[in-house]
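Should a chain be cited, it is by its letter among A, B, C and D, assigned in written order, with residues numbered from 1 in that chain.
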């Protein structure tokens, strides 16, 4: 069973983002998507610490410590950018104005519950940041993840066992092996990558999966 | 029994406003107070339609229709002014950031209830504007009014008979005959004007009045 | 390339359906999008619910929309003004509905809609007629009313300048309800004096980011400016 | 003449009492008022409750304040970072209390305090651990949590420029929590690169009006600027 690597997955997600979309790319793997957005399309990136129109990382020596993204990495400003404070920024998310938000995940349930903030380990220092706001903060919440953890456990599950970040908030799950839409009838596979088959995906997840591949 | 006229009352109130105060002067008589604020003191005027640092009316021919006060009269902008939208402006009031607000009144009760938005007449078209926000929107809410209406009825009363604008919100009442502080023990007269006596004030209002004149 | 700029003012108001809730910016005449309202009158939508601070002044703008019989209901804080004769007559004739909301609660309800707040507790109006029928709660010894968000299908806003992404700046007290309404409507339509190049607006000074704006139309410089200089007028518009 | 300008940084932080709740602006290091925090450490107040998005980075700023043992409790959204070793050690040793609030609810609770909102319903956190013990309500078919305002005795904020009335502008994403905290504290203390003449700030672009500011102190140009020009650095501060 073969799939695609993280870079190819980022490119695949980038293809689904239309021109003119307002998009928040979560910390970690989702930030790779920015590298695959076509240069000839205008897609406006939001960073929840207070900016629309975020550009790529600065050239060497031109880092501006006043200009960072939500991952606290240096970024740049595009023509047409705007700055705002945190209440306005999170109001923008909570109010449903973003078109797309792409997040990483520990687990996603077949109903679209997301767990990505806390492993539930008793000695962990809890830290949530904007994860719960992002989970409910866009018209479409996409998850970008490997389907299976390093120890072989599926991350798409019937019920999340980790503490959830948001309930029924995910609309689509992009993984290295397949893409899943969260539908009222359950999970629907829309794309498979490499030589992966639907039956293999059913075995891995233990879930009923609808076939919506082309 | 003699008192002071409206201009003298405006001057009297102006004397009680310290330098550095953030002040909202309500529509009508309270706007006169601005003319008596000393030129050598900086007192910052707020207008609830979205400005701090409001200046006097413009010179002839220099009216800016984009620059008006809450009474929709043309005003000017002082150095140090700032503009903001209505939610920020009313948040400023509701959040208790204004030092003083001066309002007109139909009636004020001895506990500090204010009625200034509606006579209760059955055919009146109700219109409240910012009256209820102003009534609760400053550290000190002052009322500026004649003590007695044209038909001889006292405007300071045991209980408002007109629909109230705010409950227990007034801290001081400036009238043509006397100044009253609203205290936990009842109304206290702090100043009398002309040859007015406390007994006359008690007769007019029918209220127990504490003597706190100097 | 993103361009939210409408070629003409009728394109800007296209599609507004009968029965829509339409927020209209402005406090009195300052910031009232008169050209968009005129276009809406020509466009013909009727049975509208209009949200504005007032209920029209004189015979133009919102007053003209009401006068043309297109408004079923007004949600506002201050309908009765010296020059609100158009609304007054309709109201007294029982031909228009009125929902009266204190000005700050009106602003905050619109903000709540734009920012995804389900409801909020406000101290404004406690113990008054506008509290009738409303839930109250005492928090930290103070009494509050529960108020709900106010949403719209469309917002018509007047701003000063825009770029093609829909970023907006306003001018002086004409800002008033514009930034709030832009965020609270499903479709926000903005008239500006001028559409400037992308990048010409200072990102620190943008008041309404383009994410809240769907359509922009340029209507030319306001009459009290001349080539960007303030020249004034003899009276308030 | 109004002047909110403090002659020195110790004057700016004078009077902060033991046991105070102190909001400190910044998201990570961007907008963190490091000079004011250093002055507070020198000033000596202890037993503080600190409200910030994080719980300190590296060994400076908030981390230094925590390291000096002055902080009893942290209210934040994201304490655990790669360089939050000072907080981590105190927390694991049971020497510091933590109240975790999702970032947007944190911002909105601070805004509610500044704007006189008694409480509000938010959809963020519904069905999660942070909802435990909180009131919920279904409004228009969606579930919300009830959240209360977050107030402070003092706010320490870093802005870009101020005038003597305390009007503020910020710089880029260093704005973050500053405008909200300035309004939510009884006493707001601001460090800026520069205090400019009254009238030098564009009234359309003022982000925090002076009404929310009590004291201002100039700390000199940030190191990645030179005579007002951006010259950059090699790394994030």
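Here is the rule we use: a contact is a pair of C-beta atoms (placed from the backbone, for glycine too) under 8 Å apart; a residue touches a chain by one contact, two chains touch by 3 or more.
Remember, it's a predicted structure, so these values are computed and weren't measured experimentally.
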| item | value |
| --- | --- |
| Pair of chains joined by more contacts [C-beta pairs], A-C or A-D | A-D |
| Centre-to-centre distance between chain C and chain B (centres being mean Cα positions), rounded to whole Å | 29 |
| Averaged-CA centre spacing for the pair chain C and chain A, given as whole angstrom | 35 |
| Centroid distance [mean C-alpha coordinates] between chain D and chain C, Å | 33 |
| Numbers and ranges of chain C residues touching at least 2 other chains | 108, 111, 115-117, 122-123, 170-172, 203-204, 207 |
| For chain B, residues that touch 2 or more chains besides their own | 77, 83-84, 87, 90-91, 93-94 |
| Chain contact topology (line, ring, star, complete or other) | other |
| Interchain contacts, given as pairs of chains that touch | A-C, A-D, B-C, B-D, C-D |
| Complex interface listing, chain D residues touching chain A | 27-31, 53, 77-81, 88, 91-92, 98, 100, 102-108, 110-111, 122-130, 170-180, 207, 222, 224, 230, 232-237 |
| Touching residues (chain side chain B, partner chain C) in the complex | 47-51, 58, 60-69, 72-74, 77, 83-87, 89-91, 93-94, 113, 118, 123-133, 136-137, 163-167 |
| Chain D residues touching chain B - in the complex, by the definition given at the top | 1-2, 111, 113-117, 163, 165, 167, 183, 198-199, 201, 203-204, 206, 209-212 |
| Residue numbers on chain B that touch chain D, as the complex places them | 19-20, 22, 42, 44, 46, 52-53, 77, 79-84, 87-88, 90-98 |
| Residue numbers on chain D that touch chain C, as the complex places them | 108, 112, 115-123, 137, 139-140, 142, 144, 148, 169-172, 202-205, 207 |
